[in-house]
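Have a look at the structure below, then the notes.
Naming follows writing order (A, B and C), and every chain is counted from residue 1.
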Amino acid sequence: MSKRIITMIVSICTATTLLWTVGLIITIQDQFFYEASSIKQPKPTTSNIKQNNGLSIVALGDSLTRGTGDETGKGYVGYVVDDLKKRTNQHMQFTNLAIKGQRSPQLINQLKQKEVQRQLKEADIILMTIGGNDLFRGGEALRDLSHAQIEKEKKKFVEQLHTIFQLIRTVNDDATVFYIALYNPFNDLGNGKETSAIVRSWNYAASEVAADYKSIICVPTYDLFELQVNDYLYTDKFHPNKEGYKRIGERVASLITLTKGEK
Amino acid sequence: MEETLVVQNVRKNIGKKEIIKGLSFSLKKGEVFGFLGPNGAGKTTTIRMLVGLIRPTSGTISICGYNLQKQFTKAIQHIGCIVENPELYPYLSGWENLEHFARMVPGVTMHRIQEVVELVGLQNRIYDLVRTYSLGMRQRLGIAQALLGKPTVLILDEPTNGLDPVGIREMRQFIRSLAEQEQLSVLVSSHLLSEIQLMCDRVAIMSKGEIIRIDTVEHLLQEQARTYWNVVPINTAKEILINETTVIGEKDGAIVTIYESNETIARCNARLIEAGVLVSGIERKLPTLEDLFIELTGGETID
Amino acid sequence: MINLVYNEMLKIVRKKRLFIIAAIVAVLVSLFTYAQLKQIETIRERIGTTDWRTQLQQQIIDTQNRLNSTGISEEWKKFLKIRLQQQQYYLDNDINPMAPGAPTFMRMFIENSIELFLPLLVMVIAADLVSSEASGGTIKLLLTRPVKRWKILMSKYIAMILSTSFIVFSVAILSYAISGIVFGYGGWNLPLLTGFSIQGEELNTAAVHLIPQWKYLLIEFGLAFFVSLVVGTLTFMLSVLIRSTAAVMGIMLAALISGAILSSMVSSWESAKYLFMVNLRLTSYISGMAPPIDGMTLSFSMMVLATWALVALIVSFYVFTKRDVY
């Protein structure tokens, strides 16, 4: 009995040794002698079947949308989703495409990506923040830039925001877009008055841009942080903390009206 | 008589130290040859050289006319051996162990395996795992394994090691019968002197890497025989005996002289009686190998 | 020679080593399958979809965010960048590299076990091939047969090769059979990309081409077999040199683990690339991951490994045939 088992094992071993040797030969042939000319580009099998009939939310933008500063990692987007889950039984699909430190030109590039466009196309609600990094550049910009310089930056930003909204609208012309406007994290510093004025003028410009498009809503946050700004800021004195994000989230959530499956 | 194993001037150096200093001996067909020496005398090293485990620094070993170093497989084919303990694979059965080694020797049939199993009397337990064997059974399985290839020379290192008295006697008889009936040359090493004395035809005494003596057991013992004289008074008797023969000394109230011949004893006895010495006993004693060994090696101890 | 190899295989089988190894593999595969299942569930829960494109896109964004955070090491950053480019490439070409299925699981399992798990299993067999004979004293019986010493060692080496392929085979078959229960048994023809080459921080896609998953798997298992053989040969050499099986295992274990640690931190110590243990992740070259040290390629690693194995083999045979056995 034992003899048969051993003979069997030995035969398996021999057979597999051969198999693995074949594998090695294929490796050598495939990896070392591959003819670059015969590259066959895979044909993209675009399957744009919308898989979920539920609510699709896509978040775009920078660290605010990412949720930097919120120790729970949710960010305002998380609170919005939480709130929606309470209000509806609908299946919810949520993708967060925000990248920390992203500025408007980078967002434009991102929006040109095929897969991002595919997801946007399926989206029912689009949440986004942009412009914070264009304006503040980590906090140093406001300190020494001249008025003229800031105006120039603003003009550039307005143009890019147009591009962004246009891109979104060409891909998806009926999703509701919530553009979350800027707050001033520096308003209790010495030059709070000046910086506040700049932020207000940016927000005004942005809301003017948003008004040009169908169902793009500019959500103000400036007022949320106007009093006791430090209570709502993270230790970096720039990003909101958990409480700050909650306030933004509440405000955005209150604006979202659910047309189907509402409780 | 035909010589089966011939060792000529074999030396082994380890580093600068010479451990085996020029051994020469040979084994004849059908004899049991003893290898005796204290621990560290070089017995095991010598045996390992004989079976090809250690390469001698110089000298030749030939087995049935084949040079072990140059024609290893042809020479080793005629040797069966157990070196030190009979270490077999504990996780295989006795039979599988034998099969395992049989596959390494050309021309061993199933029939031959059966034969050696019967020869060593392991029929009942041969299909059990070696792990469950007693030391005696392992020793026997070891011998079975050594006999598989029908060797002409059997080399056994301490074959009675760890056996009970009955086992020792059986083993002794077995080894003798192999030599007498199968006409094998058997080389046995042992530190048990009584073993060698009872089992071997010839013996080589080793000490410090050299053979100090090779002879038949009988001859060696004969040469060292002693006569014990129980006499009163001792002093008178001693004077008389000194004139007649060689007195070695006194032991347990008896005078010890060397043994020459029975005539010498009769002559001495007559002289003692003439001188009025009372002779209460005359005894011829053969020394044990132990005495012999101590004498030859000058008091080197054996364990 | 066939008889001798049969003997060696008999001993390996009767020591039950192969079955123990198969059992270990089965347990580990089950654990991995469960972990994988959990991971898929978590991702699904977080994103709310099973669409792989969305998941992959999310992974890309996550990677980008990690890249932007401060305080990650340069090596890690480089690794992430290359992975990012690769993920993007997959996405752009509409290929799902992680399409669920037993073959995909096999691929993931072999890629994760090639560096440590598989070599460890091979080590268990190879470590005592010779040393156990020495410590058990049976070497004396083996070497006093009318068989030349090199033949005895060769039979042991062949037995090592055979058991190695058995181990690789059991990894293949068990990971397929067990994970298939959960993920299904299909997916052999899934197209996958290979031929990535890394130049500095950039992923070169000039030679990238598609191969079906079965071929990809054959390549990866072939490489795993190669790596196992090299590790087996090195263990084999130690087994010849050292009587104690435990010592052999200890040394190999130390080498393998140090390799796993070194690969994640040696990028600045360039000559470390000649050590065998940082070259074990051959499958990374196929899937296009960044090598631990710049300038390492598949052919380089294979050459390094082959050289180590060759030297080990020569040493083993020289020592074994010349040595006095005490």
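The definition used in the following text is that a residue touches a chain if its C-beta (ideal position, glycine included) is under 8 Å from a C-beta of that chain, and two chains touch if they have at least 3 such contacts.
Small disclaimer: the values here were computed from a predicted structure and weren't measured.
J.: More C-beta pairs touching across which pair, B-C or A-C?
T.: The greater number of contacts lies at A-C.
J.: What is the chain whose Cα centre is as far as it gets from that of subunit B?
T.: So the farthest one, by centre of C-alpha atoms, is A.
J.: So what's the Cα centroid distance for subunit A and subunit B, whole Å?
T.: 92
J.: Between subunit B and subunit C, tell me the centre distance in angstrom, where each centre is the average of that chain's C-alpha atoms.
T.: Chain centroid spacing, subunit B to subunit C, equals 56 Å.
J.: How big is the gap, in whole Å, between where the Cα atoms of subunit A centre and where those of subunit C centre?
T.: Centres of subunit A and subunit C (C-alpha means) sit 37 Å apart.
J.: Would you mind listing the residues of subunit B that make contact with two or more other chains?
T.: Answer for subunit B, listing residues that touch two or more other chains: 96.
J.: On subunit A, where are the residues touching two or more other chains?
T.: 2 - these are the residues of subunit A that touch more than one other chain.
J.: Can you list the residues of subunit C that touch 2 or more other chains?
T.: 6, 10, 14
J.: Can you name the residues of subunit C that touch subunit B in the complex?
T.: 3-4, 6-7, 10-11, 14-15, 136-138, 140-148, 322, 324-326
J.: If we count contacts the way the header does, which residues on subunit A are in touch with subunit C in the complex?
T.: For subunit A paired with subunit C, touching residues are 2, 5-6, 9-10, 12-14, 16-17, 19-27, 30-32, 34, 36, 38-42, 44-46, 51-52, 54, 66, 91-101, 114-116, 118-119.
J.: Touching residues of subunit B toward subunit C in the complex: what are they?
T.: Listed in rising order, the residues are 48, 51-55, 72-74, 76-77, 79, 81, 83-85, 87-92, 96, 100-101, 103-106, 145, 149.
J.: Inside the complex, what are the residues of subunit C that reach subunit A?
T.: 5-6, 9-10, 13-14, 18, 46-51, 53-54, 56-58, 61, 64-65, 68-69, 91-95, 161-163, 165-166, 168-169, 191, 194-195, 206-211, 215, 218-226, 285-286, 298-299
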